[in-house]
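We just call them A, B, C, D and E in the order they show up, numbering each chain from 1.
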Amino acid sequence: MFYYNSKDWLIAIFKVTKGDTVRALIPSLLFVSLLSWGIVQLEVNYLKLSESSQAKNITIMHTLLGFAISMLLVFRTNTAYDRWWEGRKLWGELVNNSRNLALKVKVFLPFEDQSTRTYFRQVIPLYAAALRRHLQKQSTILQLDESPHPELPDLDKGAHVPNRIAESIFYKVNSMYISGTISGDQLIVLNGELKSFTDICGACERIKNTPIPFSYSSFIKKFIFLYVATLPFGLALTLGYFTIPVTAFIFYALVSLELIAEEIEDPFGHDSNDLPMEKIAETIKANVAEIMS
Amino acid sequence: MFYYNSKDWLIAIFKVTKGDTVRALIPSLLFVSLLSWGIVQLEVNYLKLSESSQAKNITIMHTLLGFAISMLLVFRTNTAYDRWWEGRKLWGELVNNSRNLALKVKVFLPFEDQSTRTYFRQVIPLYAAALRRHLQKQSTILQLDESPHPELPDLDKGAHVPNRIAESIFYKVNSMYISGTISGDQLIVLNGELKSFTDICGACERIKNTPIPFSYSSFIKKFIFLYVATLPFGLALTLGYFTIPVTAFIFYALVSLELIAEEIEDPFGHDSNDLPMEKIAETIKANVAEIMS
Amino acid sequence: MFYYNSKDWLIAIFKVTKGDTVRALIPSLLFVSLLSWGIVQLEVNYLKLSESSQAKNITIMHTLLGFAISMLLVFRTNTAYDRWWEGRKLWGELVNNSRNLALKVKVFLPFEDQSTRTYFRQVIPLYAAALRRHLQKQSTILQLDESPHPELPDLDKGAHVPNRIAESIFYKVNSMYISGTISGDQLIVLNGELKSFTDICGACERIKNTPIPFSYSSFIKKFIFLYVATLPFGLALTLGYFTIPVTAFIFYALVSLELIAEEIEDPFGHDSNDLPMEKIAETIKANVAEIMS
Amino acid sequence: MFYYNSKDWLIAIFKVTKGDTVRALIPSLLFVSLLSWGIVQLEVNYLKLSESSQAKNITIMHTLLGFAISMLLVFRTNTAYDRWWEGRKLWGELVNNSRNLALKVKVFLPFEDQSTRTYFRQVIPLYAAALRRHLQKQSTILQLDESPHPELPDLDKGAHVPNRIAESIFYKVNSMYISGTISGDQLIVLNGELKSFTDICGACERIKNTPIPFSYSSFIKKFIFLYVATLPFGLALTLGYFTIPVTAFIFYALVSLELIAEEIEDPFGHDSNDLPMEKIAETIKANVAEIMS
Amino acid sequence: MFYYNSKDWLIAIFKVTKGDTVRALIPSLLFVSLLSWGIVQLEVNYLKLSESSQAKNITIMHTLLGFAISMLLVFRTNTAYDRWWEGRKLWGELVNNSRNLALKVKVFLPFEDQSTRTYFRQVIPLYAAALRRHLQKQSTILQLDESPHPELPDLDKGAHVPNRIAESIFYKVNSMYISGTISGDQLIVLNGELKSFTDICGACERIKNTPIPFSYSSFIKKFIFLYVATLPFGLALTLGYFTIPVTAFIFYALVSLELIAEEIEDPFGHDSNDLPMEKIAETIKANVAEIMS
C-alpha cells in the first residue's frame, strides 16, 4: 500500500499507476472500439438504415436497464470495500491485541523473569508474521474448494502454523498460572487477548477462502458484457462515428467499477491496493519490542 | 462451493455452469419472447396501429417505474447476500470457537488424562457435523411454520442433536470443575466458548426457518411479472420485431437478480452456491486433531 | 407465519393471500382509476386540449421526482425490514439464551435436587410466553404515548409480568449461590444469560412502542398521494384512456411498498407476516423440556 | 412523541400537525411560486422567447442532477434517522440497565437492609431524569464548540450531574463490597450495569454535541436552493404557467426531506418527533419501584 | 469544529465559510467555464454544426452514466462520513472510558491514598492529549506507507507515547493489586477500561493511516473529469451559451461531493470540519478533575 494525498487531483487524474484500471483495460477498450466501428459500418454504410429506422430505439432498453446496472455495480464496489475494510479492521485488532497482551504480560511478570519476557517479545510478533504467510498460501485459499486439485497433492497436509503459535502462548500462560506466577484473576484478565488471536485468524481465513457467490459475480460480468455489446446497435444511427468513443467510455466506467471490486475484495493478496500486512507486522514487532524492553 | 478466480472474465461470461440463471431461465425466456412476438403481431399486423398511436407512450410508465424496480431488486440481492454472509460468519465463528476450545482444553488438562483428551478430540468436531445435518433436516426448516403438515407426522418428535452434544460438553466441563481438574478461574475462561455453540446453532436456525416476509417476496415477483408483461405493449410500435430481444434481455436482467437472491438467501441448502458446511466441518476436524494430538 | 418456498413463482404471482397488498388496495385502485378517467374526460373531451398543449409536459415533474419517491420507498421498506429482522434476532437470542440457561442449570445442579430442576423447566419457557403476551398488550404499545387515554383508565397500573419472572429467576439463582449449591464462579458464568432476558424484553418494547417518526411516515404518504393524483394531468394527453391502467399500476407499485413496510415494521402484531412468537415459545418449551428431562 | 397508527392514511395525508413540514414551508412555497411566476413572465411575456429557444433545454441539467440530489437527500434522511434510532436504542439500554441493576441489587441485598434498598429505588430513576435535563442544557450542546460564547459566561462551570450520580452508585456498591454485604463474585456481576450508565450518557452527549459536518449540511442546502431556483428557467417555455405548481411541488418534496432530517437528527430536543425522554424516565421509575417494592 | 444550528438556512446558503467547497472551487469553475465557452465557440461558430448534427446526441452518454456517477459519489460521501463518525465514536468511547476509570479508581482507592489519586487525576487526561498529538504526527500518517521517505530520516525512531502511558497505567493498577490495595475482583472489574485505551488508539491509527484504496479514489476523480470535460460537446448545440453555466453547475455539484468526502474521511486533521479533539481532551480533563476532586 502506498499512502497518498487524497486531495491531489492532478496525480489521481493523469498518473496511470501500476494498479490503474485504464492500463488493464487497454486491450478490451480497443476491442470494444473495433466492435462499435463494425456495427456502425454495418448499420450506416452496409444496411444503409435511415435515421427513422426502429433500430435506433433500442437505446430505450439501455436507459431502462441503466439504473439497474449502475446500482448493481456501485453496490458491488461497496460490498468489496466492506470486505477490504473488515480485513483492515482485523489487522488493526491484531495490533491492539498484541500491544495489550505485551502490556499485560510485562506488568504481570516478576521483574527478574527475563526468559519469559524474551519468550513473549518474540512470540507475539511471530503470530502476525505467521498469519501473513498463512493467508498467502495456496492451501488457505483453496481450503473450502470442493473440486479436486491433483496439481497440489499435499493440499491438506501442511500444519496450521498460527494455531501452533496460539497453542504455545496458551500453554505458556497456563503454566504461569499453574506455577503461581500469575493469579487466577490475572488469568481471567488475559483471556480476552488469548482467544482473540484465533478469532482474528479465522475471520481472515473466511474473507480469503470465500469469494462472493459465483452466480452473483458471474451475472454481473454477463450483464456488463451484454449491455455494452448491444449499445452500438442503438447508438449507431443517432451518433454515427461518435458511437465509438461513447461506447468505449461507458464500457470504461462500468468495467472499472467491477475491476476495482475484484481487486479489493481479497485484501490479503499481492495487488497494489492490498493491505500492507508486512508493514503492520513490522509495526507490531517494533511496538512489542518497545513495550517489553 | 467451488473456489473461482474472480478475475477470469471469459469463464464468467461464456461458461454456463449448473447454478447459472441462464440455464434455469431458458423456458421462461422462450415464453417471454413468444408473448412479445404475439403482442407485436397484434399491434402492428392485426390492429395496424400507426406509429403515432398513444399506445407507444405506455413506455413512460416503464421509465417512471424503472427506478423503483431496479432499486428494489438490488436491495433484494443485498438483503439475501447479507443472510448468506451472516451464515458464513456463523460457521467461521464455529471454526474459531472449536479451535479455541480445543486449545484451552488441551493446555488445561493434565498431561496424563488421555481419556478426556480423546473425548474432546471427538466431540468438538462432532458439533459441526451434527449442526450441518440438523440444518438440512425438513423439521428444522418447518420449525416455525403454522400450517399443518400431515405428510410429516413426527415433525416435532426428533431429538435436537446439537443441544444434546452441547449438553454433553457442558456436563464434562462441569465435572472437571467439580472434581478439581480445572479451577473456577479456568471455568470462567471456558464459558465464552461453551455458550457460543448454542448461540451459533440458534442463529443458523433463524436464517434457515425464517425467509424474508412473504408479502415482500411475493410483491417483488408480481411487480417483475406485470412490468415485463406490459413492456411489449409500449415497445411494439417503436421497436417492431426488435421488441422481442429487448423484452427478453430486460426480463433476463431483472429475473436473474431475483433468482440469485433466492439461491443465496438460504445458505444452508444444497444449491451450488450454498456454504460448504461439509468442508468446514472437515477443517474443524483436522484442526482439532492437529491441536489435540 | 407460514413457511413458503421462495422459488415457487406461480404461487407468488397468482395466489392472492390474506395479507396481500392487492386485496387491501382494491377500493383505492378503483378510486384512482375513477379519478384518472375523470381527468382524461376533462382534458380530452371537455377542455378539448390539443396534443401540443403545455399540460402534457407536466410529466417532466414526475420524471424528476421519480428518483426521489422510488428511493424513499425502497429505503422505507428496508428500514421496516430491519426492524422486523431485529425482532426476529431478539427472539432468536431468547431461544439461545433459554437453551444455554437450561444447559448450565442442568449440569450445575446436584442430581437429587428435583424441585429446582422442575422450577427452571417451568419458568424458562414461561418467560417467552409472558413476553409474547406483554408485547401484544395495549398498554405496552402506548407506553410512551404523550396523549391522554381516557378510554384506557388503568393504562399504567398493570404489573410488568416479564420483570416479575426475571426477578424470580434472579432470586432463585442468588439463593442457590447463598446456600452454596452453586459456587461464585458458576454465578459469574450464569450472569450473561440472566441479564439477557431483560435486555431482550426492553429491545422488543422499543420496537413495539416507537414507530418511525410521524413526520417521516406522514410525508411519505403525502408525497405518494400528490404524486399519483397529479399523474393523470400530464399523462391524459399523451396516453388517452391508457392513462387509467398506467396510473393504477404506478399507484399499485408505490403504495404496495409503503403497505408492506407498514405491515412488517411492527413484527410483534397479528398480521400474517408477523413473527411466529407462539411457535418460538413452543420451541423453547420443547427444547428446555428435552434438555432438563 | 405521539403514538400513531401507521396504517391510517387519511390522517397522515390530510391532517397538518404541528411538526408538519407543510406548515413550516408555507412562506417559502409562496416565495418560490412568486419567483416562478416572475421567470415565466420574463421569458414568455417580456422576452417573448419562442418554444424552440435553447432556454427550454436547460431542463437537461435538472434531469442529469436529479439522481444526485434525490439520492443525497434520501441518504441524508437515513443518516438522520440512524442518529434518532441510535438515541432511542441508548434510552432503551438505559431502561434495560436500570431494570437489571434493580433486579440484581434487590436479590443481592439482605432482606432487612431497607435503607440501601430505598437508596437504589431513588437513585436509579434519578439517573434517567438527570440525563434528560443534562442533554437539554445549553452547555451540553455547545460543549465542543470552538467559538467563544460571551453570552454564556459560566459555560464550563456547571457540575456534570449524571457523573455525580454514577459516582454515588459506584461508591455505594463498593462500600457494600468492602463491608462484605456483597461478595467479589457479585461485584463482578454488577460491573456491566455500573459502567453502562456512563457509556450511555457519553453516547447521548456525542449525538447531541456533534451535528453532521457543516460542509455536508451546508452543501445540501446550497444544492437544493440552486436546483430549485434554476428550475423555472428551463420549464417556463414548455410548461407556461404550469411552471408555478410544478416548481412548488418539486421544492416541497426536496425541502421536506431536508426538514425532516433536521428535525430528527437531534433526538434529544423539544421537537414533536423527538424522543419521549420524560415518558421513558417515568417508565424506569415505575419499573424500579415495582421491582424493589 | 463549530457548532451550528442546522435549521438556519440563510447562513448555510449564503455564507461562504473557510471550509466551503465554493471557495476552493473558484479556479476550477473558471477553467471549466472557459473550456465550455471554447467548445461552444468551436461547434457553433467555427464548425457551424447544425442543430441536427449527431454531436448533440452525445448527451445520451451523460444520461446513461448519470446514475452511475451520482450513486458513486453519494456512496463515496457516505463511506467518508462513516469514517468521520467512527472517529467521533472512538473519541466518545475515550470520554466514557476515562470517566469510568476515574469513577472506579476513586471509589476503590482508600481515602488517605492521595498520591495515587493525584497520579490518576493527571495520567487519565494525559492519554487523550497524547493520543491527539500522536494522531497528528507525520510518522503516524505514513506508518504503513511502503515508499521510502528520505526526507524523514527518523520516521520509525519515535517512541509510541500513548503506549507508554497505557503501560504506566497498567503498571500502577497491577502494583495496587500486588500490594493488596485492590482485590482480584476489582482488578477484573478494571480490565475493560484498561484495555480499551489501546483499542481506541489502534482504531484511530487505522483510520488515519489507511485512506480508501487508491484505485477507488483515483477512478472517481478520473470519472468526474472525463464526464464533465465531455459534457459541453453534447450540450453546445442544444443549449448554446447556456452550456457554460449548466456545465459549471454540474461540475460544482459533482466535485463538491468528492471534496466534502476528502475533507471528512480523515477526521483527525486540521480541516474546519475535523473532530474537536482538543476540546474533547479538555472535557476529559475537566470531568476527571471533577470526579477525583
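Note that in this section contacts are C-beta pairs under 8 Å (C-beta built on N, C-alpha and C of every residue); 3 or more make two chains touch, one makes a residue touch a chain.
The shown structure was predicted, so the numbers you read here are calculated from the model rather than taken from an experiment.
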item	value
Interface sides of chain D and chain E: same vs different residues, half threshold	different
Whole-Å gap separating chain C and chain D, where each centre is the average of the chain's CA atoms	22
For chain B paired with chain E, centre-to-centre distance based on mean C-alpha positions, whole Å	36
For chain B, residues that touch 2 or more chains besides their own	63, 67, 69, 71, 184-185, 188
Order of the ring members, counted from chain C so that chain D is second	C, D, E, A, B
Parts of chain B lying in touch with chain C, wherever the complex brings them together	54-55, 57-58, 60-61, 63-65, 67-69, 71-72, 75, 79, 141-147, 156, 159-160, 163, 166-167, 170-171, 173-174, 177, 184-185, 187-188, 191, 195, 198-199, 201-203, 205-206, 209-219, 221-223, 225-226, 230, 262, 265-266
Of all residues in chain B, those that touch chain A in their complex	1-4, 6-7, 9, 12-13, 17, 19-22, 59, 62-63, 66-67, 69-71, 73-74, 77-78, 81, 84, 88-89, 92-93, 95-96, 99-100, 103-104, 106-108, 183-186, 188-189, 192-193, 235, 238-240, 242, 246, 249-250, 253-254, 256-257, 260, 263-264, 272-273, 276, 279-280, 283, 286-287, 290-291
